[in-house]
Structure formats: structure tokens, C-alpha cells
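Think of it as A, B, C, D, E and F in the order they're written, each chain with its own count starting at 1.
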Amino acid sequence: MPNRIVAFGEIMMRLQVPGVELLTQSNTLQYSFSGTGVNVAAALSHLGHHSYIVSTLPDNPLGDAAIAHLRKLGLATELIRRDGQYIGMYFLESGFGARPSRVTYTNRQQSSFNTAALNGYDFAAASSKIDAAHFCGITLAMNDTVRAQMVAFAHAVRIAGGKVSFDCNYRPGLWGEGSHAFARTHYESMLELADMVFMNEKDAMLTLGMQTNYAQCREQLLELIPKVALKYSIQTIAGTHRTINKDNTHTLQGYLFKDGRFTFGEPLTFAVHDRIGTGDAFASGIIHGQLKGWVPEETIAFASAASMLAHTITGDTPLSSESDIRKAMATSLGDIER
Amino acid sequence: MPNRIVAFGEIMMRLQVPGVELLTQSNTLQYSFSGTGVNVAAALSHLGHHSYIVSTLPDNPLGDAAIAHLRKLGLATELIRRDGQYIGMYFLESGFGARPSRVTYTNRQQSSFNTAALNGYDFAAASSKIDAAHFCGITLAMNDTVRAQMVAFAHAVRIAGGKVSFDCNYRPGLWGEGSHAFARTHYESMLELADMVFMNEKDAMLTLGMQTNYAQCREQLLELIPKVALKYSIQTIAGTHRTINKDNTHTLQGYLFKDGRFTFGEPLTFAVHDRIGTGDAFASGIIHGQLKGWVPEETIAFASAASMLAHTITGDTPLSSESDIRKAMATSLGDIER
Amino acid sequence: MPNRIVAFGEIMMRLQVPGVELLTQSNTLQYSFSGTGVNVAAALSHLGHHSYIVSTLPDNPLGDAAIAHLRKLGLATELIRRDGQYIGMYFLESGFGARPSRVTYTNRQQSSFNTAALNGYDFAAASSKIDAAHFCGITLAMNDTVRAQMVAFAHAVRIAGGKVSFDCNYRPGLWGEGSHAFARTHYESMLELADMVFMNEKDAMLTLGMQTNYAQCREQLLELIPKVALKYSIQTIAGTHRTINKDNTHTLQGYLFKDGRFTFGEPLTFAVHDRIGTGDAFASGIIHGQLKGWVPEETIAFASAASMLAHTITGDTPLSSESDIRKAMATSLGDIER
Amino acid sequence: MPNRIVAFGEIMMRLQVPGVELLTQSNTLQYSFSGTGVNVAAALSHLGHHSYIVSTLPDNPLGDAAIAHLRKLGLATELIRRDGQYIGMYFLESGFGARPSRVTYTNRQQSSFNTAALNGYDFAAASSKIDAAHFCGITLAMNDTVRAQMVAFAHAVRIAGGKVSFDCNYRPGLWGEGSHAFARTHYESMLELADMVFMNEKDAMLTLGMQTNYAQCREQLLELIPKVALKYSIQTIAGTHRTINKDNTHTLQGYLFKDGRFTFGEPLTFAVHDRIGTGDAFASGIIHGQLKGWVPEETIAFASAASMLAHTITGDTPLSSESDIRKAMATSLGDIER
Amino acid sequence: MPNRIVAFGEIMMRLQVPGVELLTQSNTLQYSFSGTGVNVAAALSHLGHHSYIVSTLPDNPLGDAAIAHLRKLGLATELIRRDGQYIGMYFLESGFGARPSRVTYTNRQQSSFNTAALNGYDFAAASSKIDAAHFCGITLAMNDTVRAQMVAFAHAVRIAGGKVSFDCNYRPGLWGEGSHAFARTHYESMLELADMVFMNEKDAMLTLGMQTNYAQCREQLLELIPKVALKYSIQTIAGTHRTINKDNTHTLQGYLFKDGRFTFGEPLTFAVHDRIGTGDAFASGIIHGQLKGWVPEETIAFASAASMLAHTITGDTPLSSESDIRKAMATSLGDIER
Amino acid sequence: MPNRIVAFGEIMMRLQVPGVELLTQSNTLQYSFSGTGVNVAAALSHLGHHSYIVSTLPDNPLGDAAIAHLRKLGLATELIRRDGQYIGMYFLESGFGARPSRVTYTNRQQSSFNTAALNGYDFAAASSKIDAAHFCGITLAMNDTVRAQMVAFAHAVRIAGGKVSFDCNYRPGLWGEGSHAFARTHYESMLELADMVFMNEKDAMLTLGMQTNYAQCREQLLELIPKVALKYSIQTIAGTHRTINKDNTHTLQGYLFKDGRFTFGEPLTFAVHDRIGTGDAFASGIIHGQLKGWVPEETIAFASAASMLAHTITGDTPLSSESDIRKAMATSLGDIER
């Protein structure tokens, strides 16, 4: 039976230069609509759940286009408010080999989402429609009003009996330099409301200010994650370690900490077509496994394969079905399916 | 001998849905960079002058792309400041027949141009490099700082011995409803500094608050324009009347008021491919004729043909050479040139 | 308050050669998903209603793509069955001037819709969710099973208290030559179930076999439509007369026969970008007016303008909002909206 | 029964800016391969004949591409020599309304065709394979070697019992100013070998130096064409008068002079998509009618409709079938064929 | 001297989503026309032979487009019948890395080829025009009529003195599960008529039901292929082993069994752009070597390089010349040729 | 402080088939304008210098397009003469894996640049505006007039006190077979005028005819380059060794010989997107380092990274800023910058 899931967050317009040309070279852009909330909710929709996004979009042709594109991604859009004037945008110039991809933002602070009135949303009503809600640290970085909305919504979900998941997703560029202490308070508010958290040892150290004597990632993780779970009463914590290899492939290893026990996925190595949104695919896979009641081994293998496949899909938003992901878990290298 | 000309104004990124699709239907945009200042300066560059634009662009890949595209249009870009964070943008959905084109703006008030510091520009230095400067009423609608910069620049040009032209270009949407009185003061500041003004009787009545007992456009024009010239000591005033015909062709008739005498161009009727920027083409034609010292009849015929051709060019910016325009003046209907 | 509306019919994949090239010249196709049911339901969705489509699509990537695209058009897709193997397709080569557009079909009879089991649909359940249902004569031309499903669905809607609309849409190519008599029985089954019918005098004469001594379309219409309404107990009948003019514009005049009274719309003349689906736009406008309880004059003006705008939209499916259509009713010729 | 037809002439690469952009604006070109010989031969292939082109192409990837594209157009390519180094090219910027299309050539004189050795072709062998051969005045303008080849080929065709057609196609730009007298000798060589000639009164006056006292085109034609036929013993002469109308439509009227009698086609007025190659479509229609033994009225109506349709086809080369043309003869304004 | 070669088989329309997008994401398709018969015949045409395809296409714009595109590929199309209503199609979504490519078929059983009348072809006439004929196991999987046509054609070729080649190409998806026994009879009919067969040990075991005690591919091959050759009196058998490597390159090793002796090619490892049709390239290389009378070592090296190059060509159909292939045999890694 | 730099050389139009299709497959080309002079000058413009190109372009739409595109690349175009009739062009079919890229030229000898009058340029005036001038061996291969212009320009630069750099760039295809001796004289003329030369041991051996007993590239380089520097009094010599690896990556190692001392860069290994113009990027990096007075280690590291990045940029012309290159020097493998 499908679950009813909601994500809260900004809907962004992605404007991408085709191929690997620069903005100075091209005269064409491909656009789509995404955001971590959109990505996780749409990924869960493709896994068979009924997914809502709670957000605000302007009541103009750009907002209309966003609605249409989100519906195409499988999202229910009736909880989107139409208000304010602008949609957040980012321009993407895809890198190649030694040249990294480059992202240029428009003014997100002026977006409909980031200027929505504190009491603009009816979180109680939204909470009554869903089984689980997903939040993200990028949203937490926006501004005080948005932070207050986010905490209020998570609170309402808990009260209504729903589950809360939270992806730390700390982006230094959004918080500004030296603002870890400022961010920490807000992260802690969300951790205290969350049933499930996505993070790794770096979040524990940098954002939450925890300390360790270990030097290796793995050892740091093994020490710190149980402490986080304990301190904030979190049932489930999951995350990944990513390595970028010399041949431009990436290697990804996921972990799941649940009931006091770590489960590590097999490290997967694969070619990368579109990097953005692949963390959201991992999160959606973990959430799906939890909702289905799978054992940790199955959940982490599924989430890792979901993330691997998301690297092969154009655009930010994961689009794989459970059947696609199970096939990818079963095979290593694929020829044509016909 | 080419003249050195400068325009002051915002550089906008135009993001156009290809063909006549809507933003909800397409996933592709074509982008270019324009603005009335860009359009007039680039048009004059194609007529053989050395054209500068004074403006501010962000120091990011969008600003770099704007610089590159403006250089391609023939503009000298060394007087563009790199500062601030954003570039103004507008999305264009082209209409067809009974369905009008639709423009959606991003937040222009946050653009590098509209947030530039009051004393950010060295107008004295810029004025020393040029023979003539062009300004536009769209810029005047932005904010107090920009208005102050605009007046300061026009003043500096006059002091340095250059000529000042000003296109009234009153856009109600930018000023807000009921703000004619507020706008008038600012328009008057510019009119007093201008040697040449682009306007018609509607500007005189609505923006300047002049009154007339005539009901016909032509009679209103004949009565009011000489009064404007007298009141603000303007040597030359020019403008157009546009009619949109039932078969989607447009008819355009230009006039030139100079030395107390009206000269009217032949009404031209033509098919329309891209409407935006065609008023700027007319202005550039008049400025060119004035710089060349042509008789009014030649100037108005040239400017009218320049505007007609601009309707046949993709994008906001007129790209016709003097030879192209003279050919269009000579012939009515064209077969292939080979 | 929005109504809940359903349409029944085949979902077709439209594969169009870009521009006006031929299939022998190009190597690219643009695809979308449509069908008269899709078009009417999506048009009503853009007018603010909650619209379902009842149909069958294969459970393969083409079916998935159809679902995604239909969602983007604003349709609720949960009443679509996934069964069978194929989707109906048609290839469109757009004409230009003296060269007509050309449509080539794949084998529709093998499509999921046309091979669905007689009892495959749960029409009672579907009927319980909606206020009105729309059917079309193209569906009636498919095969005996589909015809039986169509009558069963219309019947179920009536029983559940919903309204039934039916667009005659007689296509000789689908029925085959000399099959008017065969078609008539099936048309009569639907007419007897319909509250609202779309047709004109040609349907009355050719499909229903009625006779008239008049030679002019208008006189034939005035004589025959009341007879049809009487014979089959139809409350509302509406339709259009189309003229193709020498300059490639079309002229469209709509009529509405209701409560024994004819109301004729103003004839509208306009340029044509995409002809397909414009009859569906007219039907959706009439249905909308009826649901809103508008007076016939407003309804026919609205439906005519809706159809006119549909000629300016790429693709088969009308996408105009009520606000777009009201603007088109108010103005004749449009300049840029900015 | 199909006839075997050959055309002799240069194969050109056409490089067209998409849409109506200028070469300074775009960064994309669409390419195809054409030439009057290609156009007439391909048009006759689509009318059911077996068509060869005799020409020379370089033995490089551009020559390979030309061969592949010509085969797609329906031409037999085994009589094309592979020799020399270059292919002739022209760049096309499509005009719009008041802005004419613009053609820029590369150096044709260096092309494989124009540098082929005098005795490079085996005209006797080619003549033995065909029933009719078509030549064109553009080829005659190239250089002495090409002119000698052309006369030699026409001579060989006559000896082998085939028919010779010749389209005067005088292009002042290729011959240079003041070279009518020089051109005349070469035109006369071809006229003496031709069974059928395409021309109108302008060719008689300007190229052949004939004089008339009439001022109207029609009267000049009626006087001069019979004189041309008599002087050079030509059985059949045909041609068109073209008018470009204010609304950008063209009007075309064809004539056929045969057995001492003029037959005029109905003037056709139509919208124009691609102007180049439409004279070749007319010529192919006349040749087809002659080969079929049709009466002049049918032939001229068919050729006129063929030319009209060629204006609606992208690219230089007519692609209509006899069935397409007969439909266009029967109807004036077309809706969708489905 | 070129040979005259024919292939028999279905002509398919390939509709490919550009790049690596999914059908749910894109709105554009690129189309081409292929099929194993087309591929082998076109490959041999590019190697200098005169190649025919015997097949059936509908007499509609899709059939016309197929003919034009096949001519461009170098095929003689006069032996193609125009009959029936539909063309077989398949949609291709290209995979990336861990995500495999995906093929979705339309209903091939309804295609013109698969519904052609048993006696629709004049195989005796076709056989009289050619030196060799190629058949494929995909065709054998279609239906009884097609199987009967295939055997009849191969028989006619043998009677006329031509050579018969047959590529086993067993596709489980087309035959259905558990149908090896059913397929075997039909395969045996073709093997008995074939001079040359393409297969490997898997065909011998699965399709022909042969048994082996060996576990390694190579040993199985060495044991079984000579048995096949003996049992069915086949002069030449050839085939490949393919390995997909972790870095997405493929390794291909070919073998040729002739006159009782095995010759193995060097294993080639290479990047893959378009996988489909590369087996046909191998077959065409072997056929070419046999027709040229090359020694087995040269033939297998040539066929392997031909297949390797086919992986670098967009579309199903190999397009390399003998010179291209010889260059690829000589070099391992290529820089620009200029 | 920026330097003023000029390059002398032909401006070529590059016409590239999109993706990896062949000219026989596609119908679209992407065009840009380049040439070694353009590439080096534009690269230096992106590094902050004021860059001119001295060349000749036709006064037609292709010449206009070249000017506009060169301005977009950052070049000052006022020293370009408009004369002659044609622009040199080359067609590029991009290879993939085992299939090399393929370049086909039009007739460069007829280009405006290669037919410019011996005294057409005012080299003294140009020399007075600049600090350094760059020349290339490709230009030297054109014809006697161009060679004389080149030497005259280099001479004028030296007289005016500017620095001369020369890239040997020996292209056997342009000089013809067996013409090393002929080329040597011309190379020596340039070497004698050059302050800085780009070459490696192969140029010393093949073009300059020097001999060595060493077999290894490195040893040959270490022996011969100092001899070249001594013989022709060259202050600085630099160059690269390129290796193409089995996985299609390239490895590049640069060297700089200055003040009698060799400095070698770290070998860099990277994926290749667009190979053309990457040698020009290396040259521009060395020139920049020299102008800035950097130590050899910094210069060679910078130039190597500049060349590596140029392999990741679409088109011939390097577009990286100093900041881009410094980032590439600092990091090995890049994730998204956001």
C-alpha cells in the first residue's frame, strides 16, 4: 500500500547550458524544476507512494510552468501556495573532466518561497493528509521565517502522528563563513523533531561541533553517529561516503545506523552523467525501505542502487521505479534490454 | 567619420521560449542580452559609430556572458562596471495571431544596475570620451539612485560638450498606477537636459500633464509637441504612431519636429517577426541622421525604414547597416539577393 | 467551485515533423499525447475543474511517458488502466499554404484502448467520482467492444446523476465508405444518453439521415437541430461553421441551441498555427459555460474565443485559462503584454 | 512507363541559417545539396521517371555526403564523376517581410564541376542510357570548358535520339555586367540544340537582343516567343511571369508555346515558404507533360501547380508526386488530410 | 568488381530519444530506418557492392520516408514491394553506465512485411539479379508466412547459383519462452540452405540442442562448431564473443571456421557509442572477405575492425568504407586526421 | 597591467557536425571562427590582455559574422582588413573512440587572407600599438606572399621594440610531401626573428634537419633544443609531448627552455572533449607567464593547466580565465562548484 508523503522546500528553476558549453558560448538553455524537496518527493512517487510538495510559487507563467513540470514528475501540487513574485533560479554550466560544473544563482531570498508570510501555510491540514514528511538543511539556511515554518511544520507532523525525516545537507556557501555556531542551534531544533536523519561524520563535527580523536572517516563515523542518535533521540541515521576517482567515475558507500547497529552497503563505482540530486535519491531509497519495513541490508543496498541510477538520469530529480532499482541491484553491467 | 556614442541603462537577459510555445509546454529557452541602451548603442554601432554602454553587471558567469554577447552586438564594453550580484532578466513567450506575447520579469530592483552605488560611475571620464549620450524613460522608472545617476550623467555630458538624447518610453507597469505626477518631475529633469527627445502626444498629455482640445492624434501632436519643445528648450523631437492592422501587419508613421517645423515620414506597412526594440531602431535612425546632418526628410525616411527592418530581425537589438536600410528605403518588396 | 469531469477515449501519441518539412526530409519528430477525450478534459482542467481521463495504456515506457505528459496537461490519471501492449500513434506533417497537413496512423485497432476487455473498466466507480462525462464520435468508430464500453459508461454516469456530453465528430475515414447506416444506430444510442451534443446540420443529414429542402447551411441548421433535440430529448446542442479564407485565415462561427432557442456567436477570423484539437476547445468552452450557468450569449462567446485561442497553441490540447480567454474576448489585436 | 532522364550541372551545397536569423546571430546551419540540374532531375524522379545527374564531385567526405543526399532525393548517382577537390557552396540567410533573403557564394570556379577536364565525361555512354536531357543557363555561365562540355553533351544526346531541354535562367551576377553579347553566342549554341526551351520575353530581349515596340510583358511575349521558336527551330517554349504582392504572396502565371499556339495557365496566388528551385519545378512539370503527351492545357496547369507546391517545400528541390500535384490542381485551400 | 547482394528482412523505423533522456522526460525523437537486412546490405554497399533489400513497406508517407532513407544508406530499393498498412517501429532510450538502454516495440506482426502475402514476392526474379543473399534469425521468428517466404527465397537463390548466408541471431523475446524446440526446426531449414552461417556455441547448445561436457566458451565452441558444419554441410561459420568490461568498454573477439580450420581474430577493446547493428557489421565484413577471396586471417581481422567501427557510428547501420576499416586495422588510437 | 598583443594569421570558419555523426548522416552544422592566431590572441584576452588580430576577411555576410564572433571571443577587430572574396573553411566530423575525427578543407588558397596584396597591411602602424606579436607555422605554409607578409610583420615588430613569438606547428599536409627542405628556409627566417619559439625535438629533426644519436624523445629534446636556441639566438623555447592512452585520455607534459635551463612540468592526464586549439592554449600560457615575469616552474605549470582546460572547452578557442586555470592547477578532480 502506498504511503502519503510530503516534502517541504523551495522549488527552483534549473537553467542548464546544453552539452558542456559555457554561458558565454551558447545561446540556449534547458530548463526544469527541482529542489531537494521536489527530488525526494518525486523519487518516492516513482517508488509508488503518493507524494505532495508544500511550497510557494508565484502566480505567473513561471509558476504555472513549475506546476506543470512538477506534475509531470509525479507530484501532487495542491498543497503549493501561489503567492509572492519570483521563483528561485540557478544556472548550470556542466563541466567536463578537469573542468568542474559551475552553478550561478539568482536572488533566492526574494523568491515566493523565501518571502512567504510566517503563517501562510496551513501545516495542520497538510499534516493530516500524510504519513511522513521530509525536510532538508538547505531550507534551514534560508532565513528566520522559513526556519520557523520548517520547525512548525515538523512539529505539526509529529503531533498528527507522522514521521519526520531530515537531511542535514549543510552548504557552507548558503550560511556564510564562520556561521557554524549560528547554524547549530537551528540544526538541533530539527534533529530533535526527526525520526530519521541523513548525515555523516562531517556534519557531526562541523555543524554539531562534536569532537573525535580518530583521523579516519570510518572510525569517526563509528564513534560519532551513535552519539548523535543518543543525544537527539533519533531512531535512524543514514548517509554516504563519496570518492571521486581519477577516471571520473565516483565510488559511493552508504551506511544505515538503526537500533544501535551499523549496516554498510557494498561500495558502488560508476560513471556519472548528472551529479545533482543523487543524495536525494539515496534518502528516498532509505525512506522507502523504512516504510516497507525492509531489513537494513536490503534498505541500504536499495538506496545505494537508487543513488547510483540517479547519476545516470538527466536532471536533478530521480526517476527510477522499484523495478529499475532492483535490476540495477542484480546486475553490474548492462547491455540493451530488448 | 564615426561618432563616439554612449548609452546608459540596464542590461537585461532575455530568455525566450522558442517558436510560439508556452513556458508550460517547452523545456528550452533562447537567451540574449538587450535593453534600450544596448539596442540604441548597438544599432548606432552597426551604422558605423563607436558605441559604448555605461552600466553595471555582476562579476559572475552571467555577467561574463552578457559582456561577450554585447561585444558581438558591436558594443565597446570597457565602461561597464562589474559589481553587485544579479542581472535583470525577462522571460518572453511569443504570441501568435489572437494570442499576445507575454513577458515575465525577475526582480530588476535587485540587479547590479539597480543596486549600484550612487557614486559608482565616473561620469566625467565617460563624458570625455564621447560625442553624444542616449537615455531612456525605462531607466528613469527604476529608483531614486538610478534617477540621480542618470541626471548626473546627462549633466556631465552637457558640460563636456556632448549631445543628450532622451526617449520618454513611459511604461505604466514600472511606475505603478496613479504615479504620473511623481514621474513628471523626473521626466522634466531629463527634458531640460536633452537636445533631442523621442515622444509623441500621449507622453505630453499623460506624463507631462499637458492639455488639448483636439481629439485626433495628429492634431494633438501638432499642437503639443511645439509647446514641449518651447517649454523645455528642446531642439529636436521625434516619434512614431503605430497601428496594428487586422492581418497582423503593423503600420508605422514617423515624425520629426525640428527648427519649428514638422516633417512626416511615409506610413510604412509590414509584417512583424520580433516587435521588441523597434522603437530603439527608430531612435537610432534619427540620431544617425542628426549626426550626419541630413535634411529632415531623409532622416525620417531612414529612421522609419530602420524601424521597419528591426521588426524583421530576431531579438531586441537592431542589426541593420546603413546599406541595408537604404535598400529597404528604395524597394518595397524583396526577392532573393543573389 | 470546480466540477469533477471525466472524458472517455483513446490516448494517442502524436509524432510531428518539426516546422513544415516532410517525413522524407527530416530525421526528427516532436511527440506529445492527445485525443479528443484528453483535449476536452485538459481544457476543462485549465478552466479550473478537476478532470479525469478513463482510458487504457500499455504498461511500458510509452505508457509511462503518456501518463507523465497527461499529468503535465493537468489531468488526473488514476482512472487510466494499464493493460494491453500498444499505444495508438499518428504522424503529422504540417502543411504550408497550398500544401495541406498530412496525418498517417499506426494500427489503432491493436492499441491498449481498442483491445481492452469489455468489462475491464469499473464504470460505476468512475461515475461516482464525477459530475459530468464527455464522449466523442471518434471513439464510437473504433469497434464493437469500445462502443459497448462507451454506452455502458454513459449509462452509468446517468444513473449516478452525472451529465453526459457527446461530440458527434463523424470521421468518414474511420467508419469506411457507405457505412452511414451502420454508424447511425450507434450514434443514436449515444444521442439518447446525452444531455449535451456537439454537431451541426451535416451530422443531422449524413449521420442521422435527416432530410431538408433548404440549400444553405444556416437554414438547414435552423430546421434540423431542433428536430434532433426533440427526437433524442437533448437539452443542449452546439457546434460551429468553419470557413477557410483565401489568405489562410479561418473564420469560425459558433451556435448554441438551448431551451428551444438558437444563439449565434460573432464570426471570428484569425490566423491558424495548429488546427488540431480546436473543436475540442469549443466543446470545453460550452461545457464550462453550462457548468457555470452562464447565459447562452456569454457561453457561445466564450467557447468561440476558446476555440480561436486553441488555433494559436502548439499541439492538440487547449491550454488557455479563463483569464486568457476573457482577454481574447475583450480585445481584437494584441501587442506585447509587459 | 517511366522515362530515363538526365540533367547536367553543378551540385551545390546549400548552407542555410535556421529560421530568419542572420549569420552574425546564429551558430547553426542546415545543409542540403541542390542545383538546377539536381532539382529538375529529382522532381522528375518524384514524378515516376528514372533520373540521372551528370556532374563531378570531390572524392572526400563532402562529396560522399552529396552522393548520399542526392540518392535520398531519388537520383541515380552512378554517372557522377569523383574528381577535383571542392564542392560549390552557398550560404542562405532567409529574409522576412521587408528584409530580403541573402545568398553568399564560395568560390564556384574552383569546384570539382567547374575544374573537370574537358574530356572527363563519357557523354556518348551517358546519352545511350537516357531519353531526355536537361540543361540550364546557370551552367552556361561557368567557364569555357563547362560550356564546351554542355554543348558536347547536348549534341551527343541529339545524335543518340534523345530530347534536349534548356532553361535559359540568365543570371546577370554570374556573367558580369555588359556581357549580354558574350553570353548570346553561347545561348544560341544551346537554343539550336534544344527541343524545348524555358524562357520569357526578357530573355529574348536582353540575352538574345531581340527588339519589340510593345511595352507590356504579355504583348512582348506574344510577339517575341514565336520569333525565337522560328529562328532556332524550337518545338516547345514555356515560361512564367511572377508578381510579388503586397501581402508577401506571389502570383505566378505560366505559358506554353507549342505548335505555333500559346496556352496560358490560370494565375495562381499563394504564400511562399522557400522560393529557391520553384522555376525548376515548373520546368519539370512541363517536361513531364510533354513526355506523357498531355494536351497543353493539362501540361501548363500541372506545371503551374507543381511550381506552386515547390514554394511550400523546404529546400531547393521539388518533392511532390503526381498525386500531390493533381490534388493541388483540384483544390484551392486545404484542411488536414486524415 | 562489385558483387550484387540482396538481404531479405523487415525494415524497421527506429525512434530514438536524443542524448540519454527517458521517454518521460523528452519531447523529441530522432528517427532512422534499419533492420538486420538493411544493415548488412548497406554495410556491403559501403564496401563497394551493389546491394538490394527485398522487403515490403506501406504505400504511405512512412513508407516513402523509409525508401528515401534507405537510398541514402546506399541501398537499391527497386525490389521493395509497397503493400500493407504499417511499418514496424521501435523506440530506443539510450542507457548510460549502470542504466541499460531500453527498447519498446510497436506491433511488428501487423507490419507490411509481416502481413505480406505468401506469394507476394517474385523470388526467382530477385535471385536472377544477385550473387549472394543474406538472411537472419530475427526474420525467422516472425510468423509462418514469413518463414515460408524466407526458405523459398533461400531455395531460389541456391537454384539460381547464388550463395546463401544466414545469421542465427536468436532472440528469446521474439520466440517466447520454452520455444527452442519449435525454433529448432526452422533454424535447421535455413542451416541446410546456407553456405555461410553466423553463430557461436550458445546457438549450437540452446537453439540446436547440442550437448557438450566442456564448461568454457572457447572449448565449447571448438567442439560444437565443427559438428554443426558437418551436420548441416556448411562451408563457413563465423561469430564473436563479446565481453562488457567494468569501464563500459567492450571486448570483442571474432572467429572464422572454414575448411575445417578455426581462425581467431585479435581481441579488440573499445569504447561504445551505439551498440545496435554491430553484429551486422561483423557479418558484412566476413561476407566481404569471402567474396574477395581473402585468407581467413585477413577476413577475421577486417570483420572485427568493421564491427569495432560500427560501435562508433550513430544509428544501427554500419557506414564504414574499406579504407576506413583498413585504417582502423592499422592503428590503435587516433588523433585528428587533417 | 594588461599587455597589448597581436596575432597574425588566417581566420577560418569551422563547420562542425553536431555530436559524433558523419556528414553523410546529419543535416546540421555548428559554426564558429578560429585559427591559431585567433586562438592565441583570444586566450590572452581571457587572461586579461588587450588582444588584436591582424588578418583579412571578405566584406560580405560571412566576413561580418566572423567579426561579430571574434569580438565575442574578446578580440579587438579594428586591425582586420576587409578585402578579397572568400573565407577559409573547414568541416569537422568528430570521431569517437576507435574512429578518428576528420577534417575537410575548402580552398584556403582563394581566401581573403591568402590573396591579400603583398603591401595590403600597414605593419608599422600595427606594430606601434602592441607589445608582442604571435606567429604560427601554419601561416608560413600558405604561399610566398603570405610568407613575405609574415616576415615583414615580425621585422616591424622587432623594430618597434615588441617581442616576437613563433609556434612551429609544422603540418606536413599543407607543405606537401618531401618539402622539408623548402620549408626549412622559411622556418629559419622566422626563428631568426623570434624571441620565443614553440617546438619540440621532432621540429628540430624534421623541419630544421638536425641530427641526433639518441632514440628517446626526452634525450633528443635535451640535446637538440639548446642547439636550436644557440643557432638562432632564441631566448625561450617551449613545447609539449603528448601521449594518447588506451582509455582515450591524453597525457601532456610541457617543457620550458630558458636561460640555458630546462624546466619540465608535471605530466597531466585528462579526458578530452575538443582537441583542436589546445596547443594554442599552451602557447598562450607560456606567453602570459613570460609577460608576467613568472619563474619557469610557475609558467610551465600554468601553461600545462591552460592546455588541459582547453581540451574541455567546445570549439578551437581557449576561454579560461587566470582564476579558472589556477583552480585547475590546485585541484585534481572536481565536483560541482556551488
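The rule we apply is simple: a residue touches a chain if its C-beta (ideal position, glycine included) is under 8 Å from a C-beta of that chain, and two chains touch if they have at least 3 such contacts.
None of the values given here were measured: they were computed from a predicted structure.
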item	value
Labels of chains that are neighbours to subunit B and to subunit E	A, C, D, F
Of all other chains, the one whose Cα centre sits farthest from subunit D	A
Cα superposition of subunit A on its sequence copy subunit E - rotation in ° rounded to nearest 5	120
Farthest chain (mean CA position) relative to subunit E	B
Inter-centroid spacing, subunit F versus subunit A (mean Cα positions, whole Å)	46
Distance between chain centroids, defined by C-alpha means - subunit B, subunit D (Å)	46
Sites on subunit D at which at least two other chains make contact	22, 24, 27, 68-69, 72, 102, 247
Touching residues on subunit D, where the partner in the complex is subunit E	68-69, 71-74
Touch list for subunit A against partner subunit E, complex	72, 247, 249, 268-273, 308-309, 311-315, 319, 324, 327-328, 331-338
In the complex with subunit E, residue positions of subunit C that touch it	15, 22-24, 27-32, 60-62, 64-65, 67-69, 85-86, 89, 91, 93, 102, 104, 106-107, 110
Contact set on subunit A toward subunit F in their complex	19-22, 24-25, 90, 95-103, 171, 173, 244-248, 275-276
